[in-house]
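Sharing a structure with you now.
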C-alpha cells in the first residue's frame, strides 16, 4: 500500500465549535497528525467561544511545524457548512441547568442515575431537547454540503444519530463514541500479561462490537490472531468481586471519584450473560433495572456524576481555554485515543480503518430491526463508511437491548411528528422508570417536562399535568 | 351458502382425555351441536380417568338424541392418534405440588404471582416441565396422524404451541384460549347500552386481536359495521377507577373471590397506552412490573389464585365427575363459549369462522419476529387455518410484549437443545424477576429448579447451586 | 348471526363514472341487492357520460322497488369525493389510440401481446400514462374522504393500486379483479362432477390465492371441507392437450373469438409447475417468455384481442347506453359475479366476506418483498380489509413472479420521482422484451414513448432517442 | 500496527490436492510469502496426483530459502482434515466428459454457452453432480476440524459454497473467485492514465462489490480517496463499441482466443444499467438472455471455450507437472493475484484484509434474501470473516440477479432433499433455457440427465423421460 500523501485540502465544519472538550482534542490530533491540509470552520451559537477556539487552533498549528491546518470562526451554520468535506457535530442542547433537573427530579422519586444522558428519565428528556436541534443541522447539511462526511459526538448518541438520518436519509454520517476503547485497553493488558511483556497496544486488540451506544457488547476478541474470548471471561470472573483498573484510582481527585469505574458492573454482566459488556459501568448500569447495580453503586464501585460537579468542571475548562487564548503553554503534542482523524484519513484514501461506530442497522446486528441506530464495527475507506456484519446478541441480552432500541426509535418518531401523546407511554416503559409505579411515573414526567418546557417545541411542551 | 350437512365421521383424539375441565366442555358442545358424527378417543396417563370420561361422554351422547358421537378410552398415545382427524391437547405437566412451589418460592422473595402459569418465575419453570412432554406429543402426531388438525389448550400456551411446531413443522396446530372473549362480551354490552336494547351477542362484537397469549391487545373494534374503538376507550376511562363487571361478584364464593377480575387492570392499561388490553387482569398483571399492579392487587381488585384452592377445587371436580359417572343428572345442554366446535365445523367445510388463536408469526403481527407464537384472528375454513393480518402494536406496548416473545422462543430453544447454561440469563431478564436483584434471583432460580428437578430432563435438572 | 339490516345510507363516489362496463354492473348489483341505502355520485372527465349513467342508474333503481339507491353526476372530483364512504375507481388513462400503439409497435418488433394492459411493453407504457392520474386521485381521497373504503378496478391493477398507497399511505383501498373466479367455477364444476349432481356453486369453491394480479396461483382448494387439489391437478393433466371449457365456444362470435380461453395455458402451467395457475390464459401468457405460449397462441387456443375490435365494441356499448338512456328495456335483474357489493356489505357490518384482492404485501405472500402489491384472499368485515396469510410460491414459480413484482414497484418509484433514466433499464428486463436484444429494445422503447408522449408528465416524455 | 511475525505453524488441508491449477498457485504464493510456517496436507481421489504435487511443493519450499512449508499427500479425507487450521477445496466433480455433454447437448437445441459451469443448462447439471460431493466434504469438516477456516475454489461457486453451509452451518467458509480483479486492474489503469504516470496498483483500486458469483456488480469505486465511478462510466462508454484490453490479445494463441474478453459485454451492461458489471464477459453473458450477447459473441468479441480445448490444455498441464516432478526448472517466484495467502495471514492476526468473497447473505446485499450466497467485500481479521455491508442493486439489475439466486438456493434444497420433481421446473426457468420452449426444454433436460446419470445420487438419476 502506498504511503498516505494526500495533499488535497479538506474543509472541516465544526458545529458546536466553541466546545471545551472535543474541539481541543481534534486540534491536538490534527496538529499531531501533520499529514492533512485542512481548513477548520468553527460554528457555535456562542460565537465568542468559537472565535476563542479559532485562536487556540491557530496556536496549535503554529506550534506544530508540519501541520497545515487553519481555523476560522463562522457566524452562521450555513457559512460553516458550505463547501465542507467533513462536519463534526458536538453540541449541548440546553444548559447544565436542565441537565440538573433531569437528575434531581427522578432522584426525588427514588431513581438513581449515574450519568442521565442516554436512557432512563434523564436521557429521555434530554433527547426531547436535543432532537429538534440536531434535526435542523441534518437539514442544513442536506442543503449546504450533501456529500460531506459527518461525525456526531453528541449524546444521546443513538437517538441523535438517528435524527440526522431522518433529516437527510443520504447523509454520510456516523456517531462516534470511545466507551469501547476501555475494553480494548483491558484486552491489550491481558494479552501483554499472557505474553509476559508489554508488546500489544489498544489498536492490536480486536473486538467484535454489537449493541446500541453505551450498551455495547463484545462476542469475539482476538489479539495477534489468537482468540482471547475465554481469557477475557476468566479475567472477568477473577476480578468480578474485587474490581479492576489498570492504574489505581485517586479517590481524592474529584473527577476520578465522580467518574469512578472499577469494571465491576462490566464484569458482573459479562459473567452472568456469557458475553462481554463493553461500555463504562456508569452507562451500563442505567440500561438495566436499578435493583441490579444502581441501588448498590457503592458496592459496585462506580460513581454518580453530580451535575453540580459538571458545572464546576466546566468553569475550570473555560478558565483553561481563556489561559490558552492568553498565551499559556500548549499541552505537549500527543494524540488522543479518538479515532476521528484516523477515520478521516481513511475516507480520504489513507490506510483503511475499522472501528466501532453508530449507524442505522442494515443487518449488521441480526435480531435488531432495520433502521434502528446500532453500534458495530464499520470499515472506513475511500468507499465511505460501511458497517461490518457483527452477528446477533444472545437472547437474554437481546431482551434487554431491544426495548431500548425500539423506544429510541419511537421517541424520535414522536418528537419529529410532534406527537405529544406518544411520549408518556414510552417514558413509562423505561426500566429505570418502571419500578416507581405508573401513577407516580406520570407525575414525575409532568414535573420533568415542566422543568424543561422552555427548551421544547411548543407542541411537545403542552403536556401539562401538574396543576 | 349451503347448510352444513357433513355426514363424514371424524375421529377426535383427546390427549389428556381424563381432564376434568375441558373434556367435559367439549362433550357438552358436541352434544349440543348435533351435526357432527364423531368418534372421540380419550388418552390420559391416568387411564382410569380417561375411562371415566368415556363413560360420561357416552351418557352425554345418549341424552342428546341428535348427537352422533361415541367415546372410547385408549391405552396408548399412538392408539389414540392413529387415524385421528382432530387432536385436542389438554394436559397438566407435573402436579399441583410443583405448581405450588412455583408460587411459594418466589413469594418468599417478595414476588407476587396471581396465576403463575404463563410468564414470571412460575410460568418459566412450568414451561421447563411441560415443553418436553408436549414435544413428544408433537413427534407422535407427525408419525401417526400428520394431516390431523391439532388444538392445544395447555399453558403456557405460547411456549407449548411453539413446541408442537418445533417437533413437527408441518403440524396443522393452533393454540386456543378464551381470555379475549371477555373483552368481546364487554363490547357487546356497550353496543347494547348504546342502542338501548339487548340486541348484540358476543359473536357480533368484532375485535382485531394482536399480541401474545394472555398479553393480548385490541386496536380495532366494531359492532354492526360501526367503529366502537372510541366508545370503548371512553368506557374504560369511565370505569378505570371504580372497576366494572357485567354481573356483580359474590365475594363469599371462594371461586369468584380467587378469580376476581373487575377489569381495573385492563382499563388502566387501556387508558395509559391508548389500545385495549384484552386478557384477564390476573394474567395481564404478570407481564408488567410488579410495581404496576401486583403490588396493589387489592386496590386493583383482582384475585391471587392460591394453589391450595386449586387442589380443593380439583377434588370437587373429581367428585362431580364420579357423580356423573354414577348416574347423577347431566347439566342441561348449553354450549360453552369455547370456539373449538365452531372451528372444527369450519375446517370440515361448514360456515367459515374467524377467531383469535395462537400461531407462529408469519407476519400477522408486524414488528414481532417471524416464527414466535403470536395471538391474532385466524380464518378457519376448508382451506385450513390461516392467520389474518393484524397490524402492529404501538411502540410502547411493543417494548413490553417483545421481550416476552423473545424469551419464550429462547426458552424453547434452550430446553429442546438441553442447554442448561442458557436458562438462568433468560430467567433473570423476566420483569417479575428483575426487581429482586441478580444474586437473589440466581438463588431463587436454584431453589425452584431443585423443587421441580424430578420433572425435568436430566441435562436441565443438573443446575444445582443450592448447597 | 343477525340478518343484515343496515339502514344507514352510504355515499358512493364513482371515479370514471361514465364507464360503460363496470358502472352498469354496479348499478345492476345494487338494484339486485335491495338492502343498501346508497347515494352514488358519478364523476367522469366526460361529464355527459356520467350524466347519462346517472339517468340510467335512476332507471335501475326505479325498476327495483326495494332498491334505495340514487344517482347524481358531479362536475368535480372533489365534489364526488366529499363525504364519500366508498370510492370506486374505474378509469381509462389515455384512449384506445394509445392502446393501439402499445400493441402495434411491439408487433413490428416481433412481440405478440394478447392483451397488452398489464406487463410486457404494452403494460409498461400503459402504466406510465396511468400512474400520475391515479396518484392524483389518491391525493384527493386523502384530502376529501380519508376514511372512505376505495376499490380500484383499473389496470394495470398492481401498479395502480400501489400508486394509491403511495399517494396516501393510510388509504383503505384494495384492487378487485375477477380473473380467479374462472378457476373457482372450474372447481365447482369438478366437485359437482365428482358428486354426480349439480350441488355446488362458485361461492362454495374455496381457493387459496397467491401471486400478483393476472399472474395468480392457487396452492390449496377445497369444496365442502374436502381437499380438491389432487383432483384439480388430475383434471388439468387430462385436459391439458385438448383444452376445456364449461360451455362450448362460438367462434363465429367475434367477442368470444377474441377473448378465447380454453384453459390450455392454465393447465399446461399447472402441470409443469405443480400448482394451479389461476388467471385467464391471455393474461398468463404475457408474464412468461413468448416462446412458451404467445408464439403458439393458436395451438394453445387463446385469443389475441385486437384494439381495433375494442374500438368497435366500445361503439356498440355507447349505442347500448344511449338506448338505455332513451328508454330501451333494462336487462333482467341478475347479480354479476363481482364481489364488490358483498365486500361493501361486509365492511358495513353484514356477513363477513373473504375474496381475493390486491393489497400491499404485509407478509401474506412469504418470499415477496414487503409493500409490493400482491393478490391473496382478504377478510372483509366491520374491522376493515385484512389480508389472510397465503403462504409461499414454489421456488420455480417465485423466480417467474418476483421480477415482475420488483419491476412494478420500481416503475412506480421511477414515475413518481420523475426519474426518466430508470425507465429503459426496467423496460429491457421484461421477459417479453428480452428476446429482441438490447439495441432493438431500446429503439422500440423510443418509438413507444414517442407515440404516447402527449399523455406523459413532461419529465418522462423527454426520452427521445428517435431522430 | 506491528509487523506480522506469526511463528505458530499452521496445517493446511488441500482437498483436490492433485489439482493442476490452484495447488500450484498456492505453492508459489506460499513460497513467495516466506512468513508462514505451514504443513500442507494434500488429498485427492487421484492419490498419485496428490503425491506428485507434494513432491513439487517440496521443491518450491526448497527453492525459497525463507519458506517454512512442508507438503504431504494423505490417503484419506479424514487424515487430511484432522488437525487442519485451514482447508482449501478445489475439486472437479465428474470429468471433462460430463462437462462436454453439458455444452454439447444444449448446443443441439440452439443454446450457446461460453463456459457452462455456473448457470444455464450446463451450470445447472454441473451443480447436480457437485453438490453431493461438496456436502460430504462439509460434513467431514464439521467432524474433523470444525474450527478450521475453509476456502472453496470450486464452481459453481454460489451453489457449492451454500452446500458447505448446509452441511455444517457453523463452518468458517468462504468462496474465493478472482473475476472482479479484472475490474480493479482496469480501474488502476484508469487512475494511472488520469494521473499521467504509473503509480497505482490493483490493490489501490477499491471497489464495492455486490451480486452473486460471476454476476457481480460494482456501484462505488475509489482510488486514493477519489470517487472514480463517473470516470469508469465514461471509460466504459468510450470503449463500449471498440472493446478494450490493457494488453493486446494474440489471436494465434489458442488459450487467448478461447478465453477472449474485450470487456464489450461488461461495458455494454455498464452503460445500459448505470452500474459496473464486474466479471468476465464469458461469465456475464450466460446470466442474461442469449439474444443479448451470446447470439452475437463474435461481435461482442468474447470466446466460447470448447471443452475439447480444456481436455488438450489439461494434458499439457499434466505434462508440465510431470516435468516439474522430474526436475524441470521451477517458474520464477512471483505472487499470483489470488488473495488466499493474504486472507490466511489476516485471519492469523496479520494485516487486516478486505476482498470480495462469497458468503451467505446476512444483509450485506439488501434486497436479496437472507441466506442465499452473495458476493461482496468481507473483512478478514483475527476476528474471522465478516461481510461488509454493500447496499442494494438498482432495481432493473436486481430483477436479473434475484431469480438466479433463488434458483441456486432452490436447486440446493432439491438436491439435498433428493426431490427429483423440483428439478425440471427450476431448469425451465433459467433465462438460457426459456427461449427454446417448454416441451423442448423438457426433452433437453432428459437428455442431459441421461448423459450424467452415473454421477448423480440414485434418487435424482431416475428422471428418465427419454425412451
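For clarity, chains are labelled A, B, C and D in written order, and residue numbers in each chain start from 1.
The rule is simple: contacts are C-beta pairs under 8 Å (C-beta built on N, C-alpha and C of every residue); 3 or more make two chains touch, one makes a residue touch a chain.
All values reported here derive from a predicted model rather than from experimental measurement.
Trainee: Which contact partners do subunit A and subunit D have in common?
Mentor: The shared contacts of subunit A and subunit D amount to nothing, since no chain touches both.
Trainee: If I list every residue number at the interface of subunit A and subunit B, are over half of them used by both copies, so same, or under half, so different?
Mentor: same
Trainee: As a quick test, compute the distance in whole Å between the mean CA positions of subunit A and subunit C.
Mentor: 54
Trainee: Return the distance between the CA-based centres of subunit C and subunit D, expressed in whole Å.
Mentor: 46
Trainee: Can you list the residues of subunit C that touch 2 or more other chains?
Mentor: Within subunit C, no residue contacts more than one other chain.
Trainee: Using the contact definition from the top, classify how the chains connect: line, ring, star, complete or other.
Mentor: Contact map by chain: ring.
Trainee: Could you list each pair of chains that touch, in label order?
Mentor: Result for touching pairs of chains: A-B, A-D, B-C, C-D.
Trainee: Would you mind writing out the residues of subunit A in touch with subunit B in their complex?
Mentor: Interface residues on subunit A, with respect to subunit B: 268, 272-274, 288-289, 291-292, 295, 367, 369, 394-400, 402-403, 406-407, 409-410, 413, 421-422, 424-426, 428-429, 431, 434-438.
Trainee: Can you list the subunit A residues touching subunit D in their complex?
Mentor: On the subunit A side, the touching residues are 1-2, 6, 8, 199-200, 203-204, 206-208, 220-227, 347-350, 352, 354, 362-364, 366, 377, 379, 381-384, 386-390.
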